[in-house]
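Each in structure tokens, the structures are laid out below.
Consider the two complexes below, in which chain A is the common component and chain B and chain C are the respective partners.
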Partner chain A sequence: MSTDEKQQTTPTHVDGEWVDPGLPYHRPRRADVDPKAAKRAERQVAVLFGISILGTIASIAVYFAQDQTEEVASIRLVNGLLGASLFLAMIGIGIGAIHWARTLMRDHEMIEERHPMRSSDEGRAGAIQNLKDGAEDSGLTTSRRTLLKGSLITAVAIAPLAVLVPQIGNMGGDWNVSQFRHTMWKKGTRLARDPDGTPIKASDVTIGSVFHVIPEGLNELEHGKLEEKAKAIVLLIRMDPAALNLQPGKEDWSFDGIIAYSKVCTHVGCPVALYEQQTHHLLCPCHQSTFDVANGAKVIFGPAKRPLPQLPIAVDDEGYIVAQSDFHEPVGPSYWDRLKGTTPEPTAAASNEGADA
Partner chain B sequence: MATKVEAAASGTANWLDERTSIGSFVKYFARKLFPDHWSFMLGEIALYSFLVLLITGIFLTAFFVPSMDVVTYHGTFETMHGVTMSKAFESTLVTSFQVPGGLLVRQMHHWSALLFTAAIVTHMARIFFTGAFRKPREINWLVGFTLMILSLAAGFTGYSLPDDVLSGNGLRIIDGVVKSIPIIGTYISYWLFGGEFPGEALIPRMFTAHILLVPGLILGLVAVHLFLVFLHKHTQYPGGARTDRNVVGLPLFPVYMAKAGGFFFVVFGVVALVAGFFTINPVWNYGPYDPSPVSAGTQPDWYILFVDGALRLMPGWIGGHPFEWVIAGYTLSWNILIPALILPGLFFGFLALYPWLEAWATGDRGERHVLDRPRNVPVRTGLGVALISFYVVLVIEGSNDIVAMLFHLSLNDITKTNRIAIFALPIISFLITRRICFGLQRKDRELVLHGHETGRIVRHEHGEYIEVHEPLSDQELWLRVSFDDVAPLQLEPEFNDRGVRRKGYKWDRFKARLSRFYYEQRIQPVTPAEYEEARHAHH
Partner chain C sequence: MNALARRRYSKSAPVILVLMLLAALTAIGFAASGSPAKASTATANDVAEGQKLFAANCASCHGMDAQGTEGVAPSLIGVGAAAVNFQVGTGRMPAQQSGPQVQAKRPQFAQPQIDQLAAYVASLGEGPAVPTAEMVDPALGDPAVGMEIFRTNCAMCHGSIGGGGALTQGKFAPNLWSTSNTHIFEAMLVGPQSMPVFNDANITPENKRNIIAYLDFQKQGSPGGLPLGSIGPVAEGFWGWLVALGLIIASTVYVGARAS
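And now, the complex of A and B:
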């Protein structure tokens, strides 16, 4: 760096103040002093632009050459060829222009003065005068016009409501947020395999196995299938009954080690899809909330606070696993009034029904 | 021949000028000077990737169907045959597999979205570390900040449009976050989704936001951003002849027309190349949205990772203490509110208001057009690195399952470590960075006072060996001595002579404390007197 610069000719400081040395010494480029180098640079730029032209032609050629009925496997090739030719079409122009600027365009730094952002004093005075005049003309400055001012401000302030209220009001569907509290599950609904919807027999569920479950009849819904599925998905797990600690009040919610929990994470609602057979842990892959299946699915790690809601199940006369009722609490993430409002109460009669099959 | 062309050109110019006074504009703009530095390119990358987004986005709108109506797939991609999916997902498959060049444009669109957000963040870091946000550019900092937020909105709404299982789970997380908002959360969720999640309204609504609302706002603000750059004239790095009252550089026409204009084609070309050879967001592997399946290692796009990381980091319980409270029967989920809303709010709030914070500490009222070398403002540089380290911890936590797999670590240990790192690392990074800045400043002083080491050893007549030091060139010297030495603000006494308490004392005291934090420990530039003294000591 130091070799590029002029020998110090000006003093570095005067009267205890450092002195600005001014613009650095401008080192001429090869093309500035050697006409041959300039000619060469010119040719290089032209070649680069030429590459761009070839790239454009190539990309159009690839577009027409490709067989549109071809199978998916060839898409990778076409994609690569189109990408590469588009790259050449663009990069040729880009590098060409930059190379031109760097080698052939004059590169002497120049200095331009800045002006402070602040307007001049006359400018400001004029602005204030104009505003005063305008206010005067409008009559707003006279004190008895407060009614005018007040009504104008109020009118303008509330006018957007005329648009916003219907707009926002229409956007929330039926606004029936209590739908969060209920799912499709009700007494006697069979637990069915996700996604094909075939019901599950208790005898199908071996110890250590896990079933992804939807309510029977979900696939036949005409409307709101995804909305119902988003709430009703369940994990059905069979553990060694000796290892399963039944929760107080829920002793008859499971059947011979078969236990069902909501698959919707109580954190922010991802499907809790990963079951670790050895530890009986359920893991949510989104944020890694970990639930202990053997102990009422209570949280043992991660950001969730509440256990996964348990679906009370039983076995019907034909040996299929059925729900005893809906969940006894809203499934999924917490919200402000989730503990308010009605949720079905467990009844002794409901909870034993069908369990003898 | 030439004269004919000239006559035609001047005729056109005259016609246009008489109707628009474009002459004055051209006079003003054509030879406007811009300083040269590689770091000024970062904002250009952001602008150009946005242009690539617009160009490729227009192509995509011709084929994308923003509808959640259910169809059964019968296209050319055989693994999806007979699968029920939304029209949005189907049209994404059609664009990818049946529209010639569609896959390339889709991938270019996604890659340039990633580049857009990355360039904005890097550009913002450059502005931060060089102090380019100082007066008169505070408003433009806010405009840029808003553009950054809008780029996240643009990215997220676009990412969710194909209605695949990965982005659908992302939307479900958003729904969960929204529901945690006290009192109105469930209603906001209904407002967004048009009823219960997922509903049938979201994709069309997000489509409008993604192709009209958000890009419209971005375009408008980009115009304001660039207008203010022209109005303020570009900042410049310190050096000979560069002051706060001038701008030193090369003219817009032709140098930056060629360089910056050419750079657009470079960005375009590189995005095309990457999109040609690197698959991104292969939604055909994920499948259409279904609320039940989810894959391990689910990652959002990089710019959302920090929020996801915060959600993973926050424990639901610490010891026996839950972070979800029930007060009078109402549920308050701190385990969601803190990481997803409060923390990003504080983080972004701090960033947005930073120029004012520093102005209070500095008490500087002048316009600043010469950039700081980061070492010369150690506290700012330290704070910047602390913020980055905070962000990086969240990003790592957002990929903790990937990290665990790659390095064979326990997922839970990574999260536990990050729970400590999120508090400790920013403080440690701040202290270390500030220390490094002081070290670099001392090195600068050393260079100014004693010059470059040459490695030449000379023996004096009387037997003493010395190494010859070569004095700095005037440019090297000026760079190291010309920065502002900011002293901490002095606090005026609380009471005046008559014992009356001064108005605004508390505010002044806050500013004085802030100023002490910033400038109490500082390395001052070498003064000419010190320089002379050192020179005489040598000779």
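And now, the complex of A and C:
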């Protein structure tokens, strides 16, 4: 405000009272004083609108003239031309309209005076009297009409239930949390390759290998295939048996360095599958939780709180890898009553060292 | 608003700023091209020449008999010709320096020398061989099948279209667009560095070729829009916040400014 030409001559305060400085100095635009400039601005606006018209015509022309094939390059060309012509069609109108308003339309400053917000005293008194009369008339403020009062309060109080009951009833769909505790794995289920479902032989899994595993028979399910897959996915890893620290109580859960863990992160359930062969670290792509596969998949970094559940495996007569049982704890993120009804796991994480976390 | 209109800064400043950002962001994400490799049959002479090359260039870490050095370099007995062709052919070996991950660089040997080295290492113990040109020909593979296999086994580290991604503690999965088809095949076979092994029992040779076909398909580029390195929400968010928001601010200043 200090650079305002008018305010340099007009004091803002007189005897401590604020003085309305009035409107700033009106600076005419070039188009206001120079007819040539006005003519030029008019032409500029017309050219901008003309660009829009050309853009629209070009857009329609591209649409009809396109010879689009399956080739990515051809799709990219058509998309690019359509986008560019649509851009010109829109931006021409927009910039043209603004340029018109800025250079040619009236630019006189306008003042809208404020008026007092308060109503007159008579109006205020009348409004209060109306409310009082209404309350008196209804009988709600006296002991009359108790039946009407009671029924009204009841009606208003229970009306929201018409909306709330169906809402709450639909929430979550199924409240049976016991289905979280079980997956498709059971004794003797073969471990199969994701996605084709062929079973895996122990001899297929060479040291350093990672197999993405689904239970055999999952692909044959007719209902709930994705739900079952989401719970049952497993990562099968083989490392040098000397590098693998078997966890107390789980000594016979792996086979000659072949070990299987749930692929569902114990934090919020992302698929944990970024396996680093040399460090035996397993990384979750969502929040960087890192599990040490060589040490019971214990958490060495990130927000996850629990090790990944291990799937006990064995090898059957034909050499295929099979599950010994289902997981011994629910897979995936924590939820209420998670460990209800399960046998307590031996706490293994504390007894082993070797992870360079 | 009057104050804003009367400030005599350059009105083109926001536009220039946005253009500079556009130029800087567009420049991100270009990589050098890889070198092709082909299979060849090794002779006794190749093995002898390879042994000389090995003694001169590799033995200081891997040992004179390629038995490895504890804590420094692994044994190369049984890694096969494929591992040598990948490691030396992508320039990862001889390693420039130790670090979280040995990185690809310009190959230090010509292909005939790489073949001799591979022949020597292959003579030490049985291991995966260098694939033939037919085994890695993307024209013979099915990109749609390859996509399914890639999505299950590779995408978590290398990204859904092979753009690469970060691992832990400075390690990363490289992008695969400039890697030669032979090297992609060999990497699956031998599992270099952090990468796990995907042997032929896990991903069949046909499916490996399908994966190569899928990755080769990505070289056609994106059908629309800027890929921004195809590394996901970080680059896209960066673009949205800086460029899109910058354009909105610039147009707001333009609309609000007074004409001269």
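Operating definition for what follows: the second predicted complex is superposed on the first by the 281 of 357 C-alpha atoms of A that agree within 3 Å, B and C clash if a C-alpha of one lies under 4 Å from a C-alpha of the other, contacts with A are read in each partner's own complex, and residues count from 1 in each chain.
The rule we apply is simple: a contact is a pair of C-beta atoms (placed from the backbone, for glycine too) under 8 Å apart; a residue touches a chain by one contact, two chains touch by 3 or more.
Small disclaimer: the values here were computed from a predicted structure and weren't measured.
Participant: Between chain B (first) and chain C (second), which, if any, makes contact with A:Y275: first, second, both or neither?
Facilitator: Touch partner of A:Y275: chain C, not chain B.
Participant: If you stack the two complexes on chain A, which partner ends up touching A:M105: first (chain B), second (chain C), both, or neither?
Facilitator: After superposing on A, A:M105 lies in contact with chain B but is clear of chain C.
Participant: Contact-wise, after the overlay, does A:E220 reach chain B, chain C, both or neither (first, second, both, neither)?
Facilitator: Neither: A:E220 stays clear of chain B and chain C.
Participant: Considering only touches as defined above, state whether A:D137 meets chain B (first), chain C (second), both or neither.
Facilitator: So A:D137 meets neither chain B nor chain C here.
Participant: Touching A:E122 in the superposition: chain B (first), chain C (second), both, neither?
Facilitator: So A:E122 meets neither chain B nor chain C here.
Participant: Please work out whether A:D194 is in contact with chain B alone, chain C alone, both, or neither, and reply first, second, both or neither.
Facilitator: In the superposition, A:D194 contacts both chain B and chain C.
Participant: Can A:E17 be said to touch chain B (first), chain C (second), both, or neither?
Facilitator: A:E17 contacts chain B only, not chain C.
Participant: Which partner does A:S289 reach: the first (chain B), the second (chain C), both, or neither?
Facilitator: first
Participant: In the superposed arrangement, does A:F211 touch chain B (first), chain C (second), both or neither?
Facilitator: second
Participant: Please determine whether it is chain B or chain C that touches the greater number of chain A residues.
Facilitator: B
Participant: Identify the overlap between the chain B-contacting and the chain C-contacting residues of chain A.
Facilitator: Residues 1, 24, 71-72, 75, 79-80, 83, 98, 102, 107, 194-195, 212, 271, 273-274, 285, 288, 290, 301, which sit in both footprints.
Participant: Can you name the residues of chain A that touch chain B in the complex?
Facilitator: The touching residues are 1-2, 5-6, 8, 10, 12-13, 16-18, 20-24, 52, 63, 66, 68, 71-72, 75, 78-84, 86-98, 100-102, 105-107, 109-114, 116-117, 168, 171-175, 177, 179-180, 194-195, 212, 214, 224, 226-227, 229-231, 233, 263, 265, 267-271, 273-274, 285-290, 299, 301-306, 332-340.
Participant: Within the complex, which stretch of chain A touches chain C?
Facilitator: Chain A reaches chain C through residues 1, 3-4, 24, 29-31, 71-73, 75-76, 79-80, 83, 98, 102-103, 107, 193-195, 200-201, 203-212, 237, 271, 273-279, 281, 283, 285, 288, 290, 301.
Participant: Give the list of chain B residues in touch with chain A in this complex.
Facilitator: 32-33, 36, 76-78, 96-98, 100-101, 103-104, 107-108, 136, 169, 172-173, 175-177, 179-187, 189-191, 193-199, 201, 231-233, 239-241, 243-251, 254-255, 258-259, 261-270, 272-277, 289-298, 308, 311-317, 322-324, 326, 329-333, 335-336, 339-340, 367, 369, 400-401, 411-412, 415, 452, 470, 472-478, 481-482, 527-529, 531
Participant: Can you list the chain C residues touching chain A in their complex?
Facilitator: For this pair, the touching residues of chain C are 2-3, 6, 148-149, 152-153, 156-157, 165, 167-168, 171, 173, 191, 193-199, 201-202, 220-224, 254-255, 257-260.
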